[in-house]
Amino acid sequence: MPVVIETIASALLAGNPLGDPPERRVPIYLPPDYETSTARYPVVYFLAGFSGGGVYLLGESLWGETLPQRVDRLVRGGDVRPLIVVMPDCITRFGGSQYINSAATGPYADHLVQELVPYVDAHFRTLTDREHRVVMGKSSGGYGATVLAMRHPELFGLAVDHSGDKYFELCYRADIPAAVSALARYDHSAARFLADFPHPPAKRGRHWFALVNLLAMASCYSPDPAAPCGFALPFDEHTAELRPDVWTRWLAHDPVELVAAHAAALRSLRLYFLDCGRWDEHHLQFGARIYTGRLRDLGIAHTYEEFDGGHLQVAHRYDVSLRALSAALA
Amino acid sequence: MPVVIETIASALLAGNPLGDPPERRVPIYLPPDYETSTARYPVVYFLAGFSGGGVYLLGESLWGETLPQRVDRLVRGGDVRPLIVVMPDCITRFGGSQYINSAATGPYADHLVQELVPYVDAHFRTLTDREHRVVMGKSSGGYGATVLAMRHPELFGLAVDHSGDKYFELCYRADIPAAVSALARYDHSAARFLADFPHPPAKRGRHWFALVNLLAMASCYSPDPAAPCGFALPFDEHTAELRPDVWTRWLAHDPVELVAAHAAALRSLRLYFLDCGRWDEHHLQFGARIYTGRLRDLGIAHTYEEFDGGHLQVAHRYDVSLRALSAALA
Amino acid sequence: MPVVIETIASALLAGNPLGDPPERRVPIYLPPDYETSTARYPVVYFLAGFSGGGVYLLGESLWGETLPQRVDRLVRGGDVRPLIVVMPDCITRFGGSQYINSAATGPYADHLVQELVPYVDAHFRTLTDREHRVVMGKSSGGYGATVLAMRHPELFGLAVDHSGDKYFELCYRADIPAAVSALARYDHSAARFLADFPHPPAKRGRHWFALVNLLAMASCYSPDPAAPCGFALPFDEHTAELRPDVWTRWLAHDPVELVAAHAAALRSLRLYFLDCGRWDEHHLQFGARIYTGRLRDLGIAHTYEEFDGGHLQVAHRYDVSLRALSAALA
Amino acid sequence: MPVVIETIASALLAGNPLGDPPERRVPIYLPPDYETSTARYPVVYFLAGFSGGGVYLLGESLWGETLPQRVDRLVRGGDVRPLIVVMPDCITRFGGSQYINSAATGPYADHLVQELVPYVDAHFRTLTDREHRVVMGKSSGGYGATVLAMRHPELFGLAVDHSGDKYFELCYRADIPAAVSALARYDHSAARFLADFPHPPAKRGRHWFALVNLLAMASCYSPDPAAPCGFALPFDEHTAELRPDVWTRWLAHDPVELVAAHAAALRSLRLYFLDCGRWDEHHLQFGARIYTGRLRDLGIAHTYEEFDGGHLQVAHRYDVSLRALSAALA
């Protein structure tokens, strides 16, 4: 199964504020007949979820499939037409960039749009029109797929959003108490917590992940050069009280808030596929219901499926969306 | 141990909208020497938490103490001076009135203030000045103690608030997703759920309690005669989206919002004791931190203790507050 | 609703090794027409589960029914014929006697059979033949019902066993690791743990209940006058290693082991009703399957129902068994 | 960081009963100076836990280290002397071979001892005496390390056992109820469950892992050519009743039972390091306490550490054992 790993030196990410490497390792899946044919192929940009992406999509496991193994099975079985899958690396030391630009992390959306897409089109036999370029992702990657489809209709003609972050009033806000509880062992100081980060701690406390996730989101949604960490938190580190001024900045990035202003771009999609598990541990099914309600009200065509499952172990859903993509690309 | 159960026919609660009985069974603990002395005693109005109060405080268990057993032990042991404890019955079929008036449930605060207190003072040898009348409670009863102390300084000179409801932005709002999930099996209709209520269901689903709690709070905080259930919900029953207009009505009852307007009443208290478990399952420690921060800013004297525990099995904390009350009453 | 509480001074329990009171408070439910008729009634001895029984069955709650309230509803509604329900008090300071005799706790089976039954027949208008005397219980009380039916066919002609303890290899043995973990904070010494018991601890650790339950079972199944606590434990307090000699003594009390020797007694029952929740947290559904398999092999008539539920909140199942009893008694 | 992946065609595993591939992919970590020196190095055979091993140890993650990354950091930092680490692939389609021979899976111990060790010594510059060959592992790999050290003192002079399977009476037996519950959706038939296996199911039920783990252990400990799956289960698939004859076969593989017969081999070790988390989710701390008690009684030198943690996220413990190994190898 042909997977090449390209190392792309990003000029845009050079000198980024978190000190993350500007060299990005981007795995690219090529279809079985790529070497023996001269055809051009549609391209899927697959955006991974928080703390994942790039080479982290390649770790094999006994009873699972890596993303390339999954796609290859579907292509070889004739379920999905041959296509190229690019696995961007927009990871930061805090876990992720949400595939957007931020003064606290770096211009990750620009990197993807201005550097990665041209690189791929230059080095691989892609179909280079928007009608054959897909942005697709899961969780934070689903969020990325939706906001990139909103902002770059000139690039992406199809979008797939699996269990994407939406309705921040629930999906992030519900984690604030856990994050503040996790801060208790750091004198309720995020700066103190981050002083050791990302050294893998000997023992991650119960709410470690909720804390890291909210800090990472703050680095994406509320950068603040004056703050000790480079970003503002939308809650008090001791009392958990919401800081409305910062929270307003977060909400400005919520797809539920963004959708009206980008209706035209979304209407132009050949396929907009969304789904979510009915028991999503991050309450994303509610965001999906609210958001697709907005889509309906705005007359934006889309497919939405709610399935019996949660937020994890849902890779089997990619079989569904990849088949739908294949049909739409035909 | 002398406990009498008075049945009080409330004129104010007659014909209440939920059809709850206007006859209220109110247990009253009398100190060991009550029968043999002619003394008058301080009175504690103990407000129980959600779904409790009145005779429900009297159920014995093998390794626990009922409230009267606890007080009696402390009084007999000389830890607490002899006092009378009244256990008001402000329960509704949905679980509780929050000890406030509501067009959807009934005038429960008025009942307590205008009917129960005079009744007790008329029928028992109480000290009838505010300096010897205490309002005390746990959870929803802690909430009741705080708002009654705010609104009735002429009656209550001391207040104890254990793990009381505060900062609704966390303590209630965090339950909305669970409540909506519980509604899934009722076609996302609270009216349909309530059609069978309170018949004890054969099997209570996982989020049954969160749902009942939020419906009960809606009956207290956002009555709406035009609504099918008599109250408005602050969230969409299918998408969980917040309804800001209803939510604003809830916030108007939040102690964090109320405190500034009632600072004078709270400043007049001889004792204002609050506590909360550091790991409260309903996030009430955060509300307590925010609220006591407000108290500090407003110059309102109080005692606040945060202890190693959660929201349940905290009756041992009453030993602490009763001792503090006893000292303040001396 | 007529419930009388008899206080019975037990000669057999006087001076019992745990120092538990020989005076036993036994609530007795009388049917609605008891006072106005001269009829005699069938009697149900209802044996409560661990840490319950006697007056602990009388604690009211908002959305539930006490046992007498439940029976009274069924009798008044015509679903169940009028009968008397006796709620024996065979509780010990450790939580329960399993309704058997033990040198470490006292002769609780003898008390029930030789003292309580004659007392009830002498003081109330009962039908005194075995054909109208029922032994019924839940959990540890289900265990009690089964072993009393095995050993006293002269007294009990019908038996109901809800979620009773069976197949000790699972139901108790699975708790050993938790109990040993709970002992960690007591230097792995049950004697040290019991030194403070039953003082209600300020904070019960996570596995407190599993530990108390196993200690109580040891007091019932493996009394040992030479041991510091009066009983032997079937496991090492530090390593959790099974002690086969003590464990063998426990197994001798397992209904799965007992059944063959008592087949004749069980065959003589007019009704033997058993049930268990399919998701019982103590694995009792497996014991029920094994045990009813033995009943089948031995040709012992019985009814076994497995329902969708766990070990708690299953009182609605009493409606089913009481109806079946009523039909069998007719 | 030099990691080579050798593909080794095993003659012994050819035609194995589960149809697993006889070609084994074995990653081998080489120390930083391997290419530039002519030195020979000690070798560590690192045995991974259930469902892991071989290339599955190479999956990168954002905040973690792969095993080679960890070793390389320690070697480059001077904490551990340069050494070679071999990552055997003894995985089966059920998740693992426990590094033993079984008629139901294949001769995995023989493969490791007779094929892999000679291959490594032939192809890499190893120190080939037992004084410089280590067997080390975690969980099922810890089990493998202990039993290989018992049976092959001629090969291994040092052994490290992290959280290894021991005292089957707890570590496996406690999972039986969960496994039988998982079988409920397959008509209580392991054969039916295995018919689809290992196809990754759309939705893994709650006890899926416990079931797979016990089936895999049965394939290792109780092969049975006459049984439909090729092995016997030690419990009834519907009632969970233990089958003593099969269980006895399992116990014959328990280190607690094996240790006395292999005391001489274990006494010959230069280092025998064991540890376990105090809160191991599989109760392995109890097995470790029992087993090291046996070691003590038999006069077998060893180091045992119990740390504050569970069964997962304990890779930081390898830093401790690798340092101890390095010191012992010096």
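Think of it as A, B, C and D in the order they're written, each chain with its own count starting at 1.
By definition in this document, a contact is a pair of C-beta atoms (placed from the backbone, for glycine too) under 8 Å apart; a residue touches a chain by one contact, two chains touch by 3 or more.
No experiment lies behind these values; they were computed from the predicted model shown.
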By Cα centroid distance, the chain farthest from chain A is C
Whole-Å separation of chain centres (CA-atom averages), chain B against chain C: 36
Centre-to-centre distance between chain D and chain B (centres being mean Cα positions), rounded to whole Å: 56
Can you give the whole-Å distance between the Cα centres of chain A and chain B? 45
I'd like to see which chains touch which, written out pair by pair. A-B, A-D, B-C, C-D
Taking the touch rule as given, give the residues of chain A at its contact with chain D in the complex, in rising order. 51-52, 55-56, 58-65, 91, 95, 198, 200, 202-204, 308-309, 313, 316
Partner chain A, residues of chain B touching it in the complex: 167, 169-170, 173-174, 176-177, 180-181, 184, 236, 238-242, 278-279, 283, 286, 289-290, 293
